Each structure stands twice: as C-alpha cells, then as structure tokens.
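Pasting the structures here.
Across the two complexes that follow, chain A remains constant while its partner is chain B and subsequently chain C.
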Partner chain A sequence: MPTDQKNYKKVAYYPGCALEGTGHAYNRSTKAVGKKLGLDLVEVDNWNCCGAMEVKNVDPKIQTYLSSRVMSITANEMDMDVVMAPCNGCYHNLKKAEYELANDKESAEVVERLSKEAGHETYKAGQVETIHALDWIKHTIGEDGLRERVKNSLSGMKIANYYGCMYTRPRHIFPEKDAGPGSESTYRPHFMDDLLEAAGAENVEFPLKTACCGGAHTLSDSDMSTKLVLNILRAAEESDAEVIATECPTCHTGLEMHQIRAEKTLGVKTSVKILYFTQLLGLALGLKPRKVGIQENISSSTDFLKEKGLA
Partner chain B sequence: MPIHEQSLIRPENLTTHEEKIIDGIDVSGHWSTFIESRVVTDYNEQMEDEIAALPGGEFIHRCWQCGSCTNSCTVNAVNPEFNPRFWIYLIRMGIESELIRDKDIIWQCVSCNKCTYACPRDVYPEGVMKATSHWLELKGHTPQSPSAIFDEVCTDQIVDTGKIEDGRTLRRFMQKTGQSLLQDWIVAMIKQLVSHLPVSLLAKMGLSTLIAPRTSGWSGARRALKRYIEEQQTEQQMAVNPVVAGEEKH
Partner chain C sequence: MHTRSLHDIEKQLEELIAAPCAGFDAGDLLRMSEEVLEHWVQAHRQTPTQEKREGFRLLALHRQGAKDDPSFNACRETCRELVYHYNLITMEPDHPETQKRQRLMIMVANHLFLFVGGKLQVQELGDFCCASKPIRQSMDSRPTGTETTLESS
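Let's look at the complex of A and B:
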C-alpha cells in the first residue's frame, strides 16, 4: 500500500514518561494539533515506560519486553493496530522491539516468559504498526491539507529542522524508510521540513539534522553534551535559522538545558529559539500560544513569536 | 573526517641499551633501540569471548577493521582518542593492557548509532562499546561509570514503578554521584522555567516528584523483571569471572 493512502485518523496514543515530565509542552501541543485537525488520539491504557535509552545498557531484552507490553495492550486490550509515539525514544524502542521480536528467537522467548509471569498476553510481531507524530500528520493531512488549513502562516520564519538520532538510526529497524518516493529518508529526513514548509516557514539548509545532542549523557557526561549541543545551536545560527524545530522531548530538553549550561560554564551565549514542530504547526493552524504550551518551554520565546505576529 | 590513528609504538615500549655488543659488534646507544616484543602470555585470549558474552558484544567477530565506525563517530569528533575501530582490534587480538589504557573514556559512547548505520558488517559497534565498558567494570578495571550509574537509576525506577519521573531521576543520580543539585546551570534553568510556567503545571510537576507516577497492576511485571535481571547478572558474572562467580554461588 502506498504510504500516502494510510489511514491514521484514529490511532492509539503513547505519550511516554518524558511527555508527562519535561516534555509536557510536546504532549499538550500534539494533542491540540490532533484535535484541531480532527484526528482521534486514544491514549494507551495503563502504559509503562518503553525502556528509555538506559534499560538496553543493562539488558536489551528487558527493553524489548517493556516496549512489547505497550504494543500488547494496544493490540490485545484496545483492539487497535496503530500506535503513535511522538517521542523519538519511545518510537525508536517500539520499532526496535518489533524488529527484535520478528528476527531474534531468543528475544521472543524472553518476552513470552516475562509477559506470562507479568500476567498479560504476549505481543506477537506484526500486530501493531508504530508511527511517529511526523508520520501521523504527514500521511493523514499531508502538505496540501495543511496548506488549506493554515490561518497564521509561518512565512518569514527561518527554521532549522532537527531530527536527532533515534528517528533514523539504526536503519534496519525502520523498514518503511528509504523505500522510494514519498517515504522518509534515513540519510536526509524531510517530513518535518515538508510539514513546516506547508505551514509557510522557510527551511534553512541545516547540515546537522541528524547529529547527536548527547542526550544519553545529558547528566552523566554533561561537558560532552554541552559541546555537542553547542555544535547544533551554532550550526543553526550560522545557517541563518531563528528557530530550531524539534520532534523529540530528549533532544528538545537537551538543547534547552545545555543552551543555558553553555552560557553558564563556557560563557557562550546563543539566542536561537527551540520549539517543538507541533507547537509551530499549532500556531500556524491558529491556536493560541498557551494552547500549544509555549509558556511550558524552559526558554521563553514569547517576544519572538509576538514579533512574528503569532502571539 | 580522516581517522586519527593510534600507534602502539610509544617511548615506554622502546628499549635502548647503553652498552650492547652483538656478535662482536658494538651497537650501544640508539643503534640497539627496539620495540619490546609481546609474548604469548601477554595476550588475553579470552577477552573477545568474554565481551561477546555480554549484551551488545555478540557480533564483534564480524569486524573487518574498515574504520567506518570511528570515521562516523560523534565522540571521536570531540575526542580523537575515542576510537571504536582500534578498541575492537585490541579486543580481538587480546591486547588487554592497551585496551586498559583507554578504560576511562570507553563509557563515553553517546549511543547515537552513527557507527551502526555506517558499519558494513553489522558489528553493532554501539553495542560493543556498551559491552566493553560493562566488561571493564565487571573485571574491576574501572569503578562504575557515571553512565552506568545513570542506567541503574533509571532501570531501578522502571522496574519498581513502570515509569520514569524526571525530577526523581535527577535527584537520585546527583546523590549517587556525589554532586550538588545546586549547580549554577540547574538553578538558572529552574529559575527560567518557574518564571513563566503556569502554576497548575508547576503544582503537578511538584506533586509527581513527591508521589511517583506508577503503572497500575505492575507488581507481576516487577517480580518477573527482578527475577530475570538477577539471573542475567549471575550469568554475566559467570561468563566474565567464572571462578569468583562460582565461589560466591557455593
């Protein structure tokens, strides 16, 4: 089935831990945009953490189990076959679990054992399709649909689209990517670029789209994270961007945190704004800044948005 | 970016005899300089198998030494000493003493998976880095790295409640690593956040650091996970330190 004919109008919604904590603004703006676009999000019942970035370092099979439980509830208890995860980490882990369960017998055995002991049905590969918030809007509304619905064009706003690591790497867990016209590219992702351009923004040529923000060591090796984030912030500024659009709560919080840390510890000040792509789309669709959680971001962008006539 | 290559020839590996006569010919001074040779017992033949037995290290034997991993590495661009290709070479050769020279930086892998993306042999170098830092800790070559402490803080929380709560993670990690929460930048960040955050959300976030969010009906999963983790830890000890692990068992 060609990707643009998929029906994601009603999907299971897996916010994950970060969206209930530091990524609250992403949660709020994703739901608000969905509502505005007439898309139905049904939150996964009683979900658990997908295993984040850390559990796999203790044992990857535990991460596979944790992610499989979320998909098991989606398929077996909610009777749905698509789960949408806006967080890159959750999205990545669910995809990885899907791959492992389909290809690694040992992982499947461990998941079966743990699911039985925990007392729920075992997830079987293929029961659920995991999509990202980008896939969700791109495939249900698309660029043309967005163009029709834009109330406050983002015209004149220069945006660097930042996708991070987990959305495209490693390639083997994303079989639907790099699949010809219309599909996402793991080398040069463009879904966020496409959507924001449809909302009127000007995307700058940004070379660090899939660079790493050091999110895994944001606390355990803060100096490394600050250096990596500073690379991204400076590259965006040198590309003439006013805003970095993000699609992952870990990247987003990392960029915001280490923008402050770089100023405090290295004395390097950068002023590029950091906003979730759902916040930008929401504003373009005519939602008020409060509705997309602008005031919940660490760094204030209210003055900037006023200047652009969006607040 | 070209790979900054490591050399095994360093001043401490070179020996020069002040007075040396070989076959009646005087080769004193730099004429007698030679690289100290390694002998069979200097190699740890088990090292590759031990690392391959840990999660992530399974496919180290596939490596062709093409260097795509180091070439694409995020950390290598910041610190040229961080060289996955070189470490995989040392592990496969069993040159333990050389690997241990870099014991304090191997854990710094940021898991960006650029190496995994670039690797033509599906070695999963990211996993190998994790397995190697794990091995260094299990062998007692290094204390637990900050990264491993962070992994443990998060995993314990998930096993216990089913979820991660950011405030709790930050507090526990700083406490376990003996760092103050009142770092300049953390204070500045919280000040900025509080200055414009709606009161209702502030209250909600405050509440969740007091009462951790939980997945309900998690006790079965908690028990299952705890049992499984214990089993795995014993198995990993057996693979890396069979004698010690065996004695503890009896």
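Let's look at the complex of A and C:
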C-alpha cells in the first residue's frame, strides 16, 4: 500500500509523560482533533515512561525495554498493531527500540529477560507500527479530507513549521521516511506544512525547521537554550512568520519559556506566537479555543486568534 | 589558513545580526561556519579535513565531526541550509529577496555556532546531549574560573 494511503482510524494512543504535564495542551488538542475527525484513540493501558533521555544515558538497553513494554501492551494485551505517539521523544524512542530489537541480539535478550521478570509478554520486533500524530492525520484524513472539513480557514496566517531534532533523526530508525512519493523527508520534513496549508495557512520558508531547540541544555545550560531559542524565534520572524507551529512538547515548552526568558535576561522581545499544530488544526475545524487548550499555553495568543477570526 | 577564535566568531555574528547589510559576504560566512566545525574537530584531537562533499568543505567537516557521535547530526540540516542559502545568494545576487536571504543565512550560521559552542562547553555529556556523565562531574568540581575554554581544547 502506498505510504500516503494508510488507514489509522483506530490506533493505540501513547501520550507519554510530557503530555500529562507541561504539554497538556497538546494532549487535549490531539484528542479533540481526533474526535472531530472521527478517529478513535485508545489509550495504552498502564503505560510507562519511554525511557526518555535520562534512562537512555544511564543504560540504553533499559530504555529499549521500557519502550518495548509500551509496544508489548499494545500488541499483546490490547491486540492492536499501531501505536501513535505525539511526543517526538516518545516517538523517537519507540522507533529506536523497534530498530534495536530487530538488529541487536543483545538488546533482544535483555528485553526478554526483563519482560519475564516484569511478568508480561516479550515484545517482538514487527508486532507494532509506531507512528507520529502527523502520520496519523496525514495518512488517514489527508490534505483533501482536511480541506473538506475546514470551517474556519487559517487563511492569512503565516506559519513557520518547526519539527525539532528528534522527528527525523537518526535516519536509520525511520525506514519509512525518504521512501519516495508521499513519504516524509528527513532533510526537509513537510507533513505539518502540508496539513496546515490544507487548513488554509500560508507556510513560510523557514531554514531552522529541524534545528536544535536546546531542550536538552535547559537544565545544564539555560543561557545556551535561551540563545538557541531566541535565534529560532528571530529566524521565524525574519521569515515573516506570525506563528511557529510545533509538534513536540519539549520544543514547544522550550520555545515558550525561553521566549519569556530572552526578554527578561537578554532584553530581546519577540512576538511570534507558538502553537501546537493540533491546536491550529482544531481551530480550523471549528473547535473553540478552550477545546484545544489555548488557555493552557504559557503565552497568551487569544488576541492574535481573535484578530484572525479564530476565537 | 587562519582559524578565528570562537570568541571572535561570536562577536562577528553579533555584529552581523545587528547590521546584516553592512559587510555581508556569503563566502566569509560560509568560511566562518567551517571554522566553527574546525574547532569541534580539533577539540576531538583530529585534523580538520580539507576535502569537500557535494562541492562544500562545510559538509565534509560536518561528516567528519559527526563520526561516532550521532548527536552531532542535530546540526546536519543546519549545515545544508547554510550551503543552500550560500547558493541562493551567490547564484541569484539580484533576486528581490537577496537581503532577506542574507539575514536568514546569518541566523543559520549563528545557530550552528550556538549549537556547536554549547556542545563544546558540555563536551562528553550523554549521547543525546542530556544527563551528566562523569566527565561533567569532574569539570563541575573544579574551582570556579578554571573551566576548560573552547580555544584551549
């Protein structure tokens, strides 16, 4: 089946830790958009942390196990074969675990041993397909499907689409990307651009769409994170964007927090708005701002959305 | 060929961001970005390559810098965007958007500088630049003011 004609109408939903905390607006808007589009999200039962950065740095094989447990529950307890992870970190880690289990015997042995100790079935590579929220909407609804459903066009809104660094890297764990027509590009990703354009937005040429947001430096070197974020914000404004659309809770929170910090510590004010792509799609589909968690963002965009006739 | 210090590069980038049209030179900005990567390669006790990939030394240097260090690939597209903007600016100098392209190229170069500079400062942190490893602990335990500077690596 061509990559652009998949059907993900009912998928297991793995929100991950961030979407229950700082990224709650992403959680809320993802669920609201899914409901509006008639897509069924079934939350993974008793899910655990994907291993994030912290566990991966202590012992990558433990991270592989933790991610494999999420996929094991999806396949063996929920009898589902697709899991959707909207967070770039979770998406990346599940994909990485899939790759490790398919290609590294030692990882497979560790996962088997730990799964037995934990008392659940061992996940076997290939049982589950991990997808991102962008794949979910792009492949199931598509641009034409979105155009048909748009009630409040994003027309007149200039958007810089920001994907962050984990959605496309490392390339070898994403075999479905760079796979010809209809597939996502790791060099210049475009799924978010495609969806928001279908909702009426004008995408700007944005050269830092996969650049590092400094998220991992936030605790060890906050000043560096602020400078990296400020550079992204300025580049977006230089590209004439009014909004930066995000699809990762770490990037999103970092952009919002360091936008404020840049003004306080460096005296540089930027006014570009930062919104999840699911919030923008939800508004375009006719959902009210509260339904997509606009009030949960750190920065207020209410006046801007009113100006655009979306609030 | 002389390699500017990271301090000088930072200063020059700040000046360019403040006044992008004054003294903009796409070739020099590309060279400056190569020098940023030279610092990274030299910090790993290697000799910066003089080879080119796809016609650009910057891309060869990135490849050299990313060998055995997957986290360094987080600046792969930044390098490619620099090359892309260099081509746009030099091949279409009279294009109506040239000034905008120049400003964006400066910001892409600045991002590369910030990313590499940040990684150099926390060199040998975790595989994906997060979480402390012993080397960081030993760096942090040094008396204030004795940190390893980028230039001295």
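We adopt the following convention: the second predicted complex is superposed on the first by the 311 of 311 C-alpha atoms of A that agree within 3 Å, B and C clash if a C-alpha of one lies under 4 Å from a C-alpha of the other, contacts with A are read in each partner's own complex, and residues count from 1 in each chain.
Going forward, contacts are C-beta pairs under 8 Å (C-beta built on N, C-alpha and C of every residue); 3 or more make two chains touch, one makes a residue touch a chain.
Note that the structure is a prediction, hence the values are computed from the model and not measured.
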Fit-or-clash call for chain B and chain C when the two complexes are aligned on chain A: clash
Partner chain in contact with A:L208 - chain B first, chain C second, else both or neither: second
Touching partner for A:V110 - first (chain B), second (chain C), both, neither: first
First, second, both or neither for A:H24, with chain B first and chain C second: first
Partner chain in contact with A:S185 - chain B first, chain C second, else both or neither: neither
Chain B versus chain C as contact partner of A:P170, first or second or both or neither: both
Partner chain(s) touched by A:M53 [first = chain B, second = chain C, both, neither]: both
Chain A residues touched - chain C or chain B, whichever exceeds: B
Touching partner for A:E238 - first (chain B), second (chain C), both, neither: second
Touching partner for A:D221 - first (chain B), second (chain C), both, neither: both
Contacts of A:S155 with chain B and chain C, given as first, second, both or neither: neither
Segment of chain C intruding into chain B (one of 20-28, 56-64 or 92-100): 56-64
Residues of chain A at both interfaces, chain B in one complex, chain C in the other: 53-54, 56-58, 60, 165, 169-170, 211-212, 214, 216-217, 220-221, 224, 227-228
Contacting residues of chain A [partner chain C, same complex]: 53-54, 56-58, 60, 165, 169-170, 187-188, 207-212, 214, 216-217, 220-221, 224, 227-228, 231-232, 234-235, 238-239
For the chain B and chain A complex, residues of the former touching the latter: 55-56, 74-75, 78, 108, 110-114, 116-117, 124, 127, 130, 134, 145-155, 158, 162-167, 170, 173-174, 177, 184-185, 188-189, 192-193, 195-198, 201, 205, 208, 213, 215-218, 220-221, 223-225, 227-229, 232
Footprint of chain A on chain C - complex, ascending: 17, 70, 73-78, 80-81, 84-85, 100, 103-104, 107-108, 110-111, 114-115, 117-118, 121-122, 125-133, 136
In the complex with chain B, residue positions of chain A that touch it: 17-18, 20-22, 24, 46-49, 51-62, 65-66, 69, 110, 113-114, 117-120, 165, 168-171, 186, 211-212, 214-217, 219-221, 224, 227-228, 256-257, 260-261, 263-265, 295-296, 298-300, 302
